[in-house]
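The structures come next, written out as structure tokens.
Next, two complexes with chain A in common: one pairs it with chain B, the other with chain C.
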Partner chain A sequence: MTGVDTAFIEVDRVEKVFEVRRKTGLLKRERRQVRAVDALSFTVARGEMVGYIGPNGAGKSTTIKMLTGILTPSGGRLRVAGIDPSRERTRLAHRIGVVFGQRTTLWWDLPLIDSYRLMHRMYRIPDARYRENLDRCVELLELDGLLDVPVRQLSLGQRMRGDIAAALLHDPEVLYLDEPTIGLDVVSKARVRGFLRELNAERGTTVLLTTHDLQDIEQLCSRVMVIDHGRLMYDGPLAGLHEAGESERTLVVDLERELPPIEVPAPARVVRVQGPRQWVAFPASQSAAPLVARIAAVCPLVDLSVREPDIEAVIAKMYAEKATA
Partner chain B sequence: MGSGRLYAAVTAGGFRRYATYRAATAAGVFTNTVFGLILVYVYLALWDERPHLGGYDQAQAVTYVWLGQAFLSTLALGGGGVEGELMERIRSGDIAVDLYRPADLQAWWLAADMGRALFQLLGRGVVPFAFGALVFPVALPGDVLTWVAFLVAVVLAMVVSFGIRFLVALSAFWLMDGTGAAQAAWFLGYFCSGMLLPLNAFPGALGEVVRALPWSSMLQAPADVLLGEAGALPTYAFQAGWAVVLLAAGRLVQTAATRRVVVQGG
Partner chain C sequence: MVAAMWIRSTMAYRASFVLTTFGNFAATGLDFVAIMLMFSRVDALGGYALPEVAFLYGLSSVSFGLADLAIGSMDRLGHRVRDGTLDTLLVRPAPVLAQVAADRFGLRRLGRVTQGVLVLGYALVTVDIDWTAARLLLMPVMLLSGAVIFCAVFVAGAAFQFVAQDAAEVSNAFTYGGTTLLQYPPTLFARELVRGVTFVLPLAFVNWLPAAYVLGRPYPLRLPAWMAFTPPLVAVVCAAAAGTAWRAGLRSYRSTGS
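Let's turn to the complex of A and B:
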């Protein structure tokens, strides 16, 4: 592998500082600096699919904007496919695809197909290639029958799929997705995820994905990066994140009747009791089976379910620990 | 060549976007016609008092009124051009989408606005103008050549109009809320383009100044070509001069805006 392949995306001590001016009095204005991204470093190899997560305001969108070239970093070095994004935004544009979940590239008042025809011209996609890619996207993203519908009449999920297709017609080498599943129902999410998985596997497209939905990451990404307050908190496999964050799963048990808190072996513990229902927290790295067996042996069990740890909670906990350490 | 096809497609899209709003177009035609009627009676009264005001006879003055109504939405003299949308995109941060594409912002919006203007000219301009020409005595040229010369001046007027509105829209990068700037620009444009009174009728130094400003490229310039009051070539030179200056200024501001200004929103 060449250098560009192992470090297809290269972020080296990148910073982004925003100046915010706030009115503090009638005429007084206070200047404040917001460090949205702080000495951030990572690399992504060609063909990787990486999840990029963190709480609200962590700096995810800011990072993606810098990677597309629409924001200039305040410091550090940034390269995508060997190109400095903010310097050569237009040259880079031909090689990247971008989907901002909350925004659309599509032409609001016109049928979906018109936006695609525009992409065809804009990216100078050879005719045969354009038709092939469009057919493929239409099939896999189930856009059949939507092509002649004005974009403003599409549902959120349909529009999002339309946007993803629009970002891929020119065969980008890397795809940035900023919350591509936001507001989608279960079926649409599954469809989008299936499509992305295939895109990555078959075409080798490098994917960087931000989301607040842990399932997106679980189902798609072998690697996850966690950012908070503009700093990289974790970079590795998802399983490791649970360990690093000492996250806990919760076993929700419904008993036949109200009982005092069940006695469970540490580190598991009952965290809440409400009538006949009890919540038992245990380390995410541990199997639920022995715990269930134990509870079933000592209590009259009616029903139970396991709740996966909430990613936000994991991150929040991780951050709190680092801050106090 | 390659990008020519892109921008042609953008123009076509701009045209079709506005064509989808039929009710708005019908309402616009109605408004322009009513406005034209009111203004015509005011002008007739005025020209009765002051015949040959601004060098126009009554028929020319009436023609001028209906041209103004035909151009009102075409040149977005009272707003309604792409600048509103562009400003809103800057404010909301949707401009991000326009910036990571391999297309030029200014060329893109110019193309879109030309599509819009062409639609407005056909959809909203022609009917009030035809109505005025049928109902009132007007002064229209008989030869095709003058009409062609007039249409060229109209296209140049569209470009100048865009040049001004693009600059106004970009102010949103710094002001965030560009509504005030836009309203000031509309007011100024309405007055300085001669929508209220032909610029030829403006007296003394004020007249000299407004006739030298870019807004006089918009209504006054094509009107004078149509009415035979000005030669085509000097008119084009004046309009093209302003078009170049405004587009160049727009390009400079665009570069500055995208370089140092921040794209809003997550």
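Let's turn to the complex of A and C:
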């Protein structure tokens, strides 16, 4: 592998400082500097699929915006495919695709297909390529009946799929997804995830994805980066994140009748009992199966479910640990 | 291609298009009606007779109308900056300026140009001009340079919106306000104001100076005769300045929180 391949996205001590002005009097204003991103460094290799997570206001979107050239960093070095995004934004635009979950890049009043035709022209995609990519997206994202519908009439899930297709017509080498599954129902989420997995496997597209949904990461990404207060808190596999944050999953079991807390092997433990229902916490890195088998063997089990830890809880735990360490 | 899309986009709201085009035509038309009403009371305005004022009016309106048609949707930039939708334009491989301009191609703005052309036509028929080759040549040069100067003002105003976020009205004062000013003879205004629009914000080069030459009138501020032929130069300088301001604005863009 060449240098560009191992560090396809290169972020080196990048920072972004915003100046916030606050009214303190009738005309007086207080200036305050906010560090949205602080000495952030990481690299992403070509073909990697990386989850980028963190609480609200952590600096995720700011990072993505710097990587696409929307925002100019206040300091540090940034390269995507060897290009400095803020200096050569339009040249980079040909090589990246961007999907903002919160807002559409499609033309609001026009039918979906017209937006694609405009992309075709704007990105100067060769005709054959365009047709091939469009057909593929239409098939895999199930856009068949939607092409003639004006964008403003699409549902959120349909629009999101339309947006993803729009970002991929020009064969981008990098795809940034900012909350791609936000507000989608289970079926739409599954469809979007399936498509992204296939895209990454078949085309080797590098994907950087921000999300609040740990399941997105679990199902898509081999690597996860956690950012908070503009700093990188964790970079590694998701399992490692659970270990680092000592995060726990919760097994909720419904028994036939009220019973005293079930005896489970440590480190699992019963954390709550309410009538016939009991909550059992166990490390997120472990499988639930042996625990379930064990409980089923000793108790009359009616129903059960597993609850995943949420990102905020995991990060909160990581903090607590850093503070005590 | 892109123009066809604008038209389709506009035609998605057909009734609105017809009404706003007509409204635009009528509203701008009323401007001139106001001038004609004045002339029913007086014979001359600042030494200019009705056909001559119509000449100034037509030149200013056509120049401005062309600029407005091309990039008048710049005033929407403030919205885009505030709600963050500018982001989506920034990730595409086309100049943002062109995309913002194309955002809502103002077909309805045709009303303004049409009205300007009509008034200019009336002026050319009625006003008594001693046509020479230089004067004839100056006509298209003047209209084009004027349009570029107005475009530059639009762009500079848009660049200002990156900083001020909600200042469409400030730039409107210079664009829409500027064209209204130019519709009247320079002799009506205080010397300081005329100086301002000559040397600071060079709107005088849109029509006052070159039109004075075509009409064989004394120049405002007693400027030398060759100044009438400088509008293209002024336009180039303005465009360059506006371009610099625009790039600076774009670099300071901060996007929104999500």
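Rule of thumb we're sticking to: the second predicted complex is superposed on the first by the 292 of 325 C-alpha atoms of A that agree within 3 Å, B and C clash if a C-alpha of one lies under 4 Å from a C-alpha of the other, contacts with A are read in each partner's own complex, and residues count from 1 in each chain.
FYI, contacts are C-beta pairs under 8 Å (C-beta built on N, C-alpha and C of every residue); 3 or more make two chains touch, one makes a residue touch a chain.
Everything quoted here is computed from the prediction, not taken from an experiment.
After alignment on the shared chain A, the placement of chain B and chain C results in a clash. Look at A:I70: by the touch rule set out above, it reaches both chain B and chain C. Of the two partner chains placed around the shared chain by superposition, chain B and chain C are both touched by A:P150. Judged by the touch definition given at the top, the superposed model places A:K317 against neither chain B nor chain C.
In the superposition on chain A, contact of A:H212 is made with neither chain B nor chain C. Taken together, the two structures place residues 18, 61, 65, 68-72, 89-91, 93-94, 96, 98, 100, 102-105, 107, 109-110, 114, 117-118, 121-123, 150 of chain A in contact with chain B in one case and with chain C in the other.
Residues of chain A touching chain B in their complex: 18, 60-61, 65, 68-72, 89-91, 93-94, 96, 98, 100, 102-105, 107, 109-110, 114, 117-118, 121-124, 150, 178.
For chain B in complex with chain A, the touching residues are 2, 5-6, 9-10, 13, 16-17, 20-21, 93-94, 96-97, 99-103, 258-260, 262-263, 265-266.
On the chain C side of its complex with chain A, the touching residues are 1-2, 5, 8-9, 12-13, 84-85, 87-88, 90-95, 251, 253-255, 257-258. Interface residues of chain A, counted against chain C in their complex, comprise 18, 57, 61-62, 65, 68-72, 86, 89-91, 93-94, 96, 98, 100, 102-105, 107, 109-110, 114, 117-118, 121-123, 150.
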